[in-house]
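Structure below; questions to follow.
Letters are used for the chains, namely A, B, C, D, E, F, G and H, taken in the order the chains are written, and counting of residues starts over at 1 for each.
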Amino acid sequence: GDYAKIDNHRALRNGYPEVIFCQGKSLEHINGIISKMLELGENNILATRASKEVYESVCKITDHAIYYDLARIIVIKRKEIIKTKKNILIMTGGTADIPVAEEAAVTAEVLGNSVERLYDVGVAGIHRLLARLDVICSANVIICVAGMEGALGSVVGGLVDVPVIAVPTSVGYGASFNGVAALLSMLNSCASGTSVVNIDNGFGAGYTASMINKLNGDD
Amino acid sequence: GDYAKIDNHRALRNGYPEVIFCQGKSLEHINGIISKMLELGENNILATRASKEVYESVCKITDHAIYYDLARIIVIKRKEIIKTKKNILIMTGGTADIPVAEEAAVTAEVLGNSVERLYDVGVAGIHRLLARLDVICSANVIICVAGMEGALGSVVGGLVDVPVIAVPTSVGYGASFNGVAALLSMLNSCASGTSVVNIDNGFGAGYTASMINKLNGDD
Amino acid sequence: GDYAKIDNHRALRNGYPEVIFCQGKSLEHINGIISKMLELGENNILATRASKEVYESVCKITDHAIYYDLARIIVIKRKEIIKTKKNILIMTGGTADIPVAEEAAVTAEVLGNSVERLYDVGVAGIHRLLARLDVICSANVIICVAGMEGALGSVVGGLVDVPVIAVPTSVGYGASFNGVAALLSMLNSCASGTSVVNIDNGFGAGYTASMINKLNGDD
Amino acid sequence: GDYAKIDNHRALRNGYPEVIFCQGKSLEHINGIISKMLELGENNILATRASKEVYESVCKITDHAIYYDLARIIVIKRKEIIKTKKNILIMTGGTADIPVAEEAAVTAEVLGNSVERLYDVGVAGIHRLLARLDVICSANVIICVAGMEGALGSVVGGLVDVPVIAVPTSVGYGASFNGVAALLSMLNSCASGTSVVNIDNGFGAGYTASMINKLNGDD
Amino acid sequence: GDYAKIDNHRALRNGYPEVIFCQGKSLEHINGIISKMLELGENNILATRASKEVYESVCKITDHAIYYDLARIIVIKRKEIIKTKKNILIMTGGTADIPVAEEAAVTAEVLGNSVERLYDVGVAGIHRLLARLDVICSANVIICVAGMEGALGSVVGGLVDVPVIAVPTSVGYGASFNGVAALLSMLNSCASGTSVVNIDNGFGAGYTASMINKLNGDD
Amino acid sequence: GDYAKIDNHRALRNGYPEVIFCQGKSLEHINGIISKMLELGENNILATRASKEVYESVCKITDHAIYYDLARIIVIKRKEIIKTKKNILIMTGGTADIPVAEEAAVTAEVLGNSVERLYDVGVAGIHRLLARLDVICSANVIICVAGMEGALGSVVGGLVDVPVIAVPTSVGYGASFNGVAALLSMLNSCASGTSVVNIDNGFGAGYTASMINKLNGDD
Amino acid sequence: GDYAKIDNHRALRNGYPEVIFCQGKSLEHINGIISKMLELGENNILATRASKEVYESVCKITDHAIYYDLARIIVIKRKEIIKTKKNILIMTGGTADIPVAEEAAVTAEVLGNSVERLYDVGVAGIHRLLARLDVICSANVIICVAGMEGALGSVVGGLVDVPVIAVPTSVGYGASFNGVAALLSMLNSCASGTSVVNIDNGFGAGYTASMINKLNGDD
Amino acid sequence: GDYAKIDNHRALRNGYPEVIFCQGKSLEHINGIISKMLELGENNILATRASKEVYESVCKITDHAIYYDLARIIVIKRKEIIKTKKNILIMTGGTADIPVAEEAAVTAEVLGNSVERLYDVGVAGIHRLLARLDVICSANVIICVAGMEGALGSVVGGLVDVPVIAVPTSVGYGASFNGVAALLSMLNSCASGTSVVNIDNGFGAGYTASMINKLNGDD
């Protein structure tokens, strides 16, 4: 169809995958876009915010779709992915933050990064985080995913000398206001070197972390 | 004058000091209330949110006024204050939070509590806090005063088994929204045993901590 | 599974129950965590925000689960609970606030406290509250649960000399903004000695009240 | 000048005074409007939100201006004011709410009502309010002025069977958000028969109360 | 049951009906309260925010229940209702505001008032409103119900000399924020004599209007 | 200086004046920009949000500056301005809205439009507006400037068949939230054909109205 | 029925279609209004926010209903529509904004305008927009529909010299707050000549654009 | 003094400068901290949010202080600063955003980065930005500083393949809400690879950009 202008100038230049954001799009519409992508290029394809139903529909037009259900991502792999030596560490405050963290993790992996995961290490039980200082201090870029009071980014940002990307999640209730409390907390972080993406935007965090991780080469 | 009904039934029962909130009251009005208090009872008097100018005005009607300038509190001491054995620990994230902390500290002291101070130990430099675990773990009640991302209460609340009172401060700029970010952060704390008072309400925190500290006797 | 790091250092030290927050977790995930808890320790287990469906699922792995449906709590009792002599009083403004009050009550009871209930005594019918001054004045700690205008805490806080924990609820409509009106009202309470927890956070109130009630011994 | 179209059709019909809102208007502009009013009609004139400076300026064009400094109102009395038999009771939670209460009181008086005042009887010291049930129960209309948690209206509304007008004030700090906490509290009042006006709008409350008090005659 | 303290002191004094707010209560709970009311007194009973399902359930315990479906109110009439001579006029801006208006109308009628209705006369078609100036000017009290920009109250308030109660509704979309736009608009009304109740609170408006309409007798 | 890139491609094409927004710029900085404009082109220059102090400073570099003090605009006229036959009508709700209205008026006039003014005709005194239906109905484009409840745009929009641009102003207090109430009211207007600009943005309204007024020629 | 006063004075004067907003109205109610419209006049009828179900219901009373499903509009065409020569251009940032854009497009077409569509040209891929400068610069009026960061209006407004109407959409998640981010962005646009309508208000944008496009004739 | 615990463990490890945030600190307090820093280490010192008055005070204790007045930063240079080969590009939307941009620029330079500046290239005049694509595409990291609608980050983020840090500023008025509009806009950016810092936080942006720019070496 003519409904979406596929933006493939980035992909042409540097092998970035094509990305499609599925939320709010019809199955037919999604398949139309993916078909066009399959025709036009050779890049890998990443479909985010994809339900199981979307995955099943996409399977009708390609055999190469893999579904990451926690991350709600479909990957259509057409090119080999070479991983960086240095890794991106992805941490969460609680277990309910894991879907957002996985969206970041799968995105970063498809973009060619080595990814380490450290989940459920929220600051209200600081010993869990301190027990893993080795992993934390050996990362090249860190993504901190947290809802509720969103303090993970501040504590981690104060421990390391690498860029930290903080992702607020909508996990919580009452005065968490669907992630606003965590968002504000992260924007006010006293730890220098921290920046923030939209609430629940695991994709954006993974993408940004990849850009940073691959800057200046990787060796 | 007739403008304010002095509430002295609490004081009668249990030796609580009389309290007057000076902000927004005229010098004349404040002196009127204090004069009446001086006549009516024998309790100590605590005037909060008092500027230096208020202090100087109060000095005209009594020789016993002491001014705590950081805390912005005037104390008129008329009765001996006996201190508890167990103490209240008051912590701050940064140095700009100290005035609010001192408001809590002076309040708690006038109410007869032993108070310990641990300032500028914000979570973005977690080593500073961890270096003082001894002090933190020996407190009977803890007050955590913090602005910006307000994460201090969560970290401390996770380390101890005593009640924590979190006080958000209006310290910060931009998306701190004059303390709202810290307030929300504290209300969403993942650490059980934490409760919250109004932004910059050092007095309320000191008063509540005192009530808790003196509950069930002190020995 | 590996998805959640069970925090049992508090429990080891002092017999606190293990707690699991069920909202947003899958049945499988919840059973995984509880199984691990059942293996690892001897403490009682408290599962909050648990639907009937969660309860039925938990029954498959243990015979000792009891369901408090108003409170939406599952208790797995493995150790005798010895109650304090002094009690925690839990009050509500209306009948719709009862589920949150029960979350607080069951939490406090499992933590070993004697609990008194005084429901539907909102300030718009002040005679109902005044008729029970005896009960109110004999409590050691008070939890005030209210939605709408949330004024219960202020009135009660002005009547007693013990700590009051105010819990705003999401009960109401229109400009109650799902509990924000009550939350703000409580944060601005003119009664000293009042602190606040998150909207609908009965668990947090019960836990904090227990900490306070048991401080300095109970005799 | 031509800058303001004086609305004198109400006044013509029923002897209402002319009203001018001074805030944000220049001295010259205010005097221009008042001069025109003095020429055009015989009604009393009420200038609200008037500073002392405005008063002094108005004195240059009329000898009949009286300044109520607490209320920040100038009254230019040209007609006899006959008072109603039934009265309007005006209550405040604290002493800082008095300026707003006086704006309501002077407005109601100039409009020909008998006014009773009961100040500083906030709900956090409920005994003060209960001690005056006689005055409260003999009023024909009640205005409740309160800042902070704004609960006065709910308690009073539950005690009486006459209309209550609640006026939130901007008194408070932190999470009072310049009167928003009190406003929301009042809008959510569980007491039937209560309605609300804008933050600090003493004039509106006095005017509405007068309309109600004089409805259906007064005898 | 013991779950709700029926507040019948107002009813005893002056024949007011008993009121029950059904939203958020179980069928069983509602029937329990109504049974008790049926036993205890002789007053009429008004159940607001009642779905058809609630009505059918209530029919099992009484034959006298009448259901007003637009108003979502159940009335159990046990005493004759004598209507006032002077009437309350209820106006709406649009047709979607009618359910809230009917909640006000039925409430006022059950409380013994003559009620006039004037619906769908929003200010964006001012001729519709001006065409009915006769009805508007002959009312004793007016209730203005409007969503969206909520301007009805201001225009009407400027036309009449009787009290106006403005009811914002949650009708609208986007930046109406579920009634907040209308609420703010009404609170800022430039027409003196207007007061406001909570969003969608037809009951409160009807009740307040009745109090006012019946004040000072009706003859 | 090099600090600001003067945007003169619009001006080149169609004789639009150069515009400079003075708020937040230093006197030196403003004079630097204007000097460059004076050199580079032949267009008229409009400096908005200019204080008297800015005007006096600008007089040092040009003799042609005229100051419109109500509008806070400086005009440096270098080209003849030919006025349209059809006019733009600018209305305000109150007198405090006049500065914003004048910003719109002077902007529209400098851009070559005939401008009609109708001030202080707010909807709470609807007769004032209805008395001028002739002027209202003969305009080609209308700008409605109002603070407080901001209802002017809705009433006018419903009366005419030409585009209405609504400008909320920050006039008001309390729940006007510096213009937010008026802004929301205007965005929710039930009158079709109305669009809105930023709070206090008289310049934007005047500019947009001019674009509309001059579209499709003027004859 | 009598429930809605059909406003046909505009239609009488100038051939505007009758408009009915279906959201929140019952099928029966909608058919009642349309039946009356069919009887009373000869104008075309536009039913917005109409679901497929509404369409099927309307088909029972007329054979002339056409359903635009993307736009959610029913058109009942009874009069020939003559199109303008100059056109309205409707642009969107993404594909999810298309329903709102289509609401604007169908509205404008039924009102007799030539409409051009340019979809999915968001500013994060600016080459897509620049590639179509010809279409953009030949429009007479432009409607920019965008969610998320809502920047489309600013970029387009800076490129053209015709009026731009910006429509924020509720497309997005997290800190988009259902269109608030886009709304604020558009209200703050630095491009002169831009005005804004309510979130998702495609109808209002189409109607306003039509008024502007047809002003001063079309030749 | 003892009032601030200087955090010099980062500096020890990697030559980072000491940083002091001056806003809200007294002159005496600032000099106390700087004196201690001068004694304890050899690192450069950066004092942000420093007024001219602070600078003059600091000059009393050291001869090496340099004041960057636009950036409001004092630098005390004690070690040679070696610049990276790759550069950080700092862009602003308008001229009023320059102080925040300069805070970022000076921070990045003191941290050892080559910095390029491109100011006043806001999206409402997109030709200014497109004219400098060479500079934009040759940067290694980009900081976009913008107030008002804050769209700069989205446009730039869509043009480049390097990380973009967006800094909202409090520049604007009305519905810019002191930077909230820009903040939300940036958080919702459709351009992947963009992250955000607090409103007006030039320091944080410069620091984060430096961390990124120096990651993986610079050659």
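Some points to look at:
Methods note: a contact is a pair of C-beta atoms (placed from the backbone, for glycine too) under 8 Å apart; a residue touches a chain by one contact, two chains touch by 3 or more.
Just so it is clear, the structure is predicted and the values come from calculations on it, not from any experiment.
Minimum number of contact steps separating chain B from chain E: 2.
As for how the two copies chain C and chain D face one another, over half of their interface residue numbers coincide. The equivalent interface to A-B, defined as the listed pair sharing over half of its contact pairs by residue number with it, is C-D out of C-D, F-G or B-H.
The greatest centre-to-centre distance from chain F, using averaged C-alpha positions, is reached by C.
Each chain gets a centre from the mean of its Cα atoms; for chain D and chain F, those two points are 36 Å apart. Inter-chain spacing, taken between the CA centroids of chain C and chain G, is 51 Å.
Chain geometry summary: the mean Cα position of chain B and that of chain C are 26 Å apart.
In chain D, the residues that reach two or more other chains under the touch definition are 125, 174-176, 180, 183, 187-188, 198-199. Inter-chain contacts occur between A-B, A-C, A-G, A-H, B-C, B-D, B-H, C-D, C-E, D-E, D-F, E-F, E-G, F-G, F-H, G-H.
Contacts from chain E toward chain C in the complex involve residues 3-5, 7, 9, 23-25, 29, 168, 170, 178-180, 183, 198-201.
Taken in their complex, chain B has these residues touching chain H: 95-96, 98, 119-121, 125, 127-128, 171, 173-176. Within the complex formed with chain D, the chain C residues making contact are 93-94, 122-126, 130, 148-151, 154-155, 157-159, 172, 174-177, 180-182, 184-191.
Interface residues of chain G facing chain F in the complex, by the touch rule stated above, are 10, 13-14, 16, 19, 86, 140-141, 161-163, 165, 183, 187-188, 192-199, 203-205, 207-208, 211-213, 215-219.
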